[in-house]
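Shared between the two complexes below is chain A, which has chain B as its partner in the first and chain C in the second.
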Partner chain A sequence: MNPLILDNHIGKILSNFSNQIKKIDNKNNEIYIHLKDVNDTQIICNHVYENLNTKLATIICTDEQKTDNGFVIRYVFEKLDADIFIFIIISLEKNNCFPSIVSHVPAAATYEREIKDMFGLVPIGNPDLRPLVLHEHWPNDMFPLRKEFDLKTKVIRQEQEYPFLQVEGDGICEIPVGPVHAGIIEPGHFRFSVLGENIINLETRLFYTHKGIEKLAESMKLDEALLLSERISGDESVANSTAYCQAIEKISQITIPNKAKKIRTIFGELERAYNHIGTLGGISTDAGFAFGAARLHILKERLMQLNESLSGSRILFGVNKIGGVKCDISEGKKKLILERIDEVLSDFDKVIVMLKSKSSFMDRLKDTGIIQKKTAHDLGIVGIAARCVGIDVDTRYDHPYANYVVHNHRTPQQVMQSKIEMEKRSGDVLARFEVRINEVHDSFKIIRESLDLDTGGLFADVPVEITPYGSALGYAESHRGQTLHWVMMGEKNSIFRYKIRTASFCNWKIIEHAVLNDIVPDFPLVNKSLDLSYSGNDL
Partner chain B sequence: MMEKSRKILGNHVETRSLDDLIIADDYRGKMAFISKIANDHQDLENVCPTRAISKKDDCTMTLDSGKCIMCGYCAESFPKLVKIENKCANPAKTKNQLIEYSASLEHLPDKSYEKMGVELQEKIKKLFGRSLAIREIDAGSCNGCEIEITALNNPIYDIERFGIHFVSSPRHADVLLVTGPASRNMETALLRTYEATPTPKIVIAVGACACSGGIFGDTYATTGGIDTIVPVDVYIPGCPPRPEILIRGLLLAVDRMATHGS
Partner chain C sequence: MPSFLEITLGIIQALMLMALSPLMTGIMRKTKAKTQKRMGAGIFQPYYDMVKLMRKDEVVSDQSSWIFRSTPWVNFAAIGTAAFFIPVFLSYSPFGLVGDLLLVVGLFGLARFFTMLAGLDTSSAFGGIGSSREMMVSTLLEPALFLAIFVVALTYGGTNLSTLVEGASNSSLLPHPQLIFAAIAMFVVILGETGRLPFGNHATHLELTMMHEAMVLEYSGKSLALIDWAQSIKQVILFSLIVNIFTPWGIASSVSAISLGLGLVIFIVKISVFAIFVAFLESSIAKWRLFRIPDLITVAIASSLVGLVLYYL
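Right, the complex of A and B next:
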């Protein structure tokens, strides 16, 4: 990051709030603003959110009672026009509550509920304080992410009712669905309130697959947590492990070899391609067109077989390693990649032409599941769901990592064209369908351009001991959107806190808005077009 | 192979022999002991993140395939003691059968997907006189196992041609295919789905998480394996198990139904 730009931003914040700020410093592309008083949180968060062109990236809570800081909350804002993350840091010391910023930053709602469940800190002013992560069988006085809570504690189940939102009125029916669904998908509960066939309200209840990943990581060695990061969501393994590795690499100030950067890029794009093709197939299934789905699933299988020959795993487990990558791409494998993507691409184009020529199929996608731009902006939506309404966010280019910095050179004309293109996007299933098709093409293009691997090693050496209590943010763009991993090291190379925020966590909220006024049978289609991970959300 | 699938589509022939589906040489299928005696067994045990490797006596090490997640860390650290093969671990009827000893270095011959499918089809026909109905339940998996189970339904593996049908309600199911370490939040739902399935029913635990908790282990949020909640008849190891292994597990489940006489 250019130090001048960084200083400029720090100056802007300092000039307004010099009295409220205890300390301000920066490292890598992160600015840390420590506040003197907890009660100033709202004013300063509002200022950063509204005047500095940022969006809320995540809210991280840590239990630092041992080091006398009490509970520390970090509000992370991502600059939308520069590669900068602004951290607003408050320590609660002996307090058990903190001011909610929901009234100005709506995206904060679920983060605050999550903190309430996991740390037992109450967000004052948040209108919805129902349990989120821990379901009704969990007692009200146990908080898993506090340091005194033992990972293996077996808590006795208790019976309570979850207060769902009640929708009442003439002719309104309620349809509860899940957690076990009809298809081969992950568990989640959906409660529809319908008037005739139209959905007038949808309430999602998730976290059925909550596995305690963040707590578990605190008991693990660094390379074991790498395996865990791959299994946050099986189909996002490369994106999540890349983000995790980057966080550790940033803390220990290692630069990974160019070859490793390119290999990470190649695997990241392979992952995006096979998942996008699978999702397009899923959209075709849910629109009731099995033939299109069958053809796309053949292509997905071809790419998974390619994954297997390259990485030893059909879903790309075991590609990354802290400091670089594990899998080399030899000359023979390069040839295999080129051949396979050429074959897949030529078939893919034919299938897409065929799908687009079916008017009944296209009609089903058009104007279904519309996302409003304002809602998407307010809820801090990322990835495909944001790009389909013309919000141009993509971590690969906003905060270049791996080798993406070289793929971001665009002529002014191309920039204009992409802006016009973005303006046209309407936020319906069709828009998401088309964005995915474009991204499959882009992915294959990036893979081709990255294949001129440099010579040299696959990984850099990691220091034997990494400085305790150093922290950094790692990020990557999975096929769903931005995934953010924040790691704080503990003593003796342990992990003090591992905060994960995947794209699914941001995007699940939008589905409640996207299905409004659609009919119930459109729900699977809207759901598939957003392609969210339950496991990546629930952790 | 690509050429072949083009032909499949062109000729309107839906499926075709899969004997040419070969597993890549570098595929991480399972860990195997090279040496029979491990002197530095303590280190070998500790290098395994899921504690799948343990010592039985002075000259025998054991591998629990139900715990192994194929990370390959053991082979990286001890290339002289263990290696990673592209053959996969076999499904088993009991947890003990998943454990492999370093003293026995033998292997069952692998059958192709196609042969297993045909065998399965014959057995199902004989036993049921109709299709076998499967209900899949995700009890907290990372969705890796779901990707492979979905792959069973794609036109390449196309499991329906062997008379196996994925149904949308447990009321219609003969077999429950359960994935994930059984998260605490899914405990009630899993139990209720099991109870809703008519007897006789077979439960198959799919993947390392379902067999033993896998990398997620046994914590405040998980229960450390499906069998802590419902009785399990067949364990399919793997992280995730590839379609060939899933069908091998189904074959075992059908055998089990036949011997039960139910």
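Right, the complex of A and C next:
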């Protein structure tokens, strides 16, 4: 990061709010603004959100009562036009509520509800204070992410009912779907209010597979937490573990070898390719076209077999290591990769041509599940769901990590072309279908370009003792979108707080809006096209 | 008055349809599996499934009434009765004296009516969705089916199935171009009646997209076996209708061992070929949008109308 640009931004913020700011400093590509008074949060967050071209990346709460900071809340804003994250930091001393910023930053709603559940801090001004993560069987006075909550606590079940939104009127019916579904998928509850077949309202209820990952990490060693991060959502193991490793590497200021950077890129793209092809197959299944699905699933299987012969795991577990990678790519394996991706790509193109020539299939995709650009922007959507409406966010290029900085060079003409391309995107299932196809092609291209590995080691050494209470943000683009991992170190190389925000957490909200112009039987198609993870959301 | 032998043959025909029906389902599933590059289960799997279901316990919702419990039986009785009127390998059925093609359609209607009631009876949201969709589609399918039947009936001079099939086996299609249009209409209607793609998807696990399956989602054990069996009998009846009315070659018109044996073999071959063709068709299209299905039925109705016009020309 160019320090001049950083200083420039700091200057801009300081000039407006010098009275309200206690302290401002920066590290890596992160600017930290410590506020004097909790009540200024709204004004400053609004300013950053509206005038500095940012989006809300996440809100992190930590329990720092032991170090006399009380509860600390960090609002993380991501600059959309530069590689900068702005942290607005408030600490609540002996105060169990904080001002909500929902009225100006709608994306904050779910983060604030999450904080309310996990820390028992009440966001004043948030209109929806229903529980989100912890369901109605959880006692009202237990907050699992507070330090005083012991991991082994036995919790007594209590009976309560969740107040779903009631839609009233002539002929309106409710259809409750799930949490147990007819297919072999993860649990989630969908409450439709319908008028005939038309969907009037959809309310999702998730977190049935809440595993307490963030709490669990606090009792773990750094290497153990790496395994945990791979298991957040099995199909995004590389993206999540890359983000986790980067957070630790940033804290301890390690530069990883070039070879490791390239290998991370290759595995990241392999993961993207096999998942995108699987999702395209899923779209075909849900449109009732089993033949196309069968063809695509064969290709996915071939890529997963390639994964196994490269890393020993079909879903790429055990690739990353703090400071680099564990898994080398030898000359023989390079040849294998090249052969396999050529073969898969040529078959893939044939299947896509076949799918696009099926009018019955294409008709199902077109104009189904339209996402509005404004809604997507307000809710802070990431990944394919954002790119399909022409919001150009992609962590690989916005905040280059691993080896992506090399692949980011575009001529002005290409930049212009991609801008025009973005404007054309309509936000329906078809748009997501096409964006995925393009990204599969891009992934294979990046893999090919990254195969000229440098010589050298696979990883850099990690310092024996990492400074306590250092923190950093790690990020990666999974096939679902940006995944953010914020780690704060504790004493003796322990983890003090591990905050994970996956792409699914951002994107689940959009499905309630995407289905509003659709009929009930099209819902599975819309759902599949967004490809959301339950496990990655529920943590 | 039909002779004792004829009545025996009539009963054999009906029983054969019932016995053969799961096999057709099995053949279609196998074909679809093959087109999707899967091994698929054996063609006798539907029989094993039925035996398995017969042995299982039933779970019945305490919100349901006698309608839910009696529907599988009404369903099976209505469709089983319809099977007695269908000429299979003999060009006439001795029971044709008491009922014609319109009665067959009526019996299907009765079975469907009860299935829809049972869908609503369990007060589950999916049953309701299924019933409402089935009602929408069936109110459109029935006129299309009747129009197609009229074209055939006008051509051969009656709605009695024996008359139709005998008339068909004694004449050629060439002087009756209207029959081709009736066949197109009938084919579309059969896809709809049996819930095949593009109308419905038998293989789906997605509750929200189901039509027929949503109505019977609450059934288990013996009731489910009966419903599945009735559904496959209905499918085989419709297949034999289209096969015997539009391609009646080889059907036995007299009671002799050779012609009966030949008729039986040719029937099984024809109906299997037809089933495989439908399965291939299912593999090559996606399910249509729910509200585009009426367009397809309109094609069937238009085609029948063209047939009618051609008849009077």
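Annotations
The rule is short, and it goes like this: the second predicted complex is superposed on the first by the 539 of 539 C-alpha atoms of A that agree within 3 Å, B and C clash if a C-alpha of one lies under 4 Å from a C-alpha of the other, contacts with A are read in each partner's own complex, and residues count from 1 in each chain.
Heads up, the rule we're going with is that contacts are C-beta pairs under 8 Å (C-beta built on N, C-alpha and C of every residue); 3 or more make two chains touch, one makes a residue touch a chain.
Bear in mind the structure is a predicted one, so any value in this text is a computation, not a measurement.
In the superposed model, A:G183 makes contact with both chain B and chain C. In the superposition on chain A, contact of A:E421 is made with neither chain B nor chain C. Of the two partner chains, chain B and chain C are each touched by A:A294. Once chain A of one complex is fitted onto chain A of the other, the partner contacts of A:E93 are absent, as it touches neither chain B nor chain C. Touching more residues of chain A than its counterpart among chain B and chain C is B. Once the two complexes are overlaid on the shared chain, A:D328 sits clear of chain B and of chain C alike. In the superposed model, A:C173 lies in contact with chain C only, and not with chain B. Touch criterion not met for A:E465: it reaches neither chain B nor chain C. By the touch criterion defined above, A:E50 reaches neither chain B nor chain C.
When the two complexes are overlaid on their common chain A, residue A:S360 makes contact with chain C while staying clear of chain B. In the superposition on chain A, the residues of chain A touched by chain B in one structure and by chain C in the other are 182-184, 294-295, 298.
Listing the residues of chain A that touch chain B in their complex gives 134-135, 137, 144, 149, 151-155, 157, 179-180, 182-187, 207-213, 215-216, 220-221, 223-224, 227-228, 231-235, 237, 278, 294-295, 297-298, 300-302, 304-305, 308-309, 311-315, 317-318, 340, 343-344, 347, 533-535, 538.
On chain C, the positions that touch chain A within their shared complex are 32, 35-38, 125-126, 128-129, 132-133, 197-198, 201, 203-209, 283-292. Across the interface of their complex, chain C is touched by residues 173-177, 181-184, 196-197, 284, 286-295, 298, 358, 360-361, 363-364, 519-524 of chain A. Within the complex, the chain B residues that touch chain A are 1-2, 5-6, 9, 23-24, 26-28, 49, 69-73, 84, 136-151, 153-157, 166, 168-170, 180-181, 183-189, 193, 214-222, 239-240, 242.
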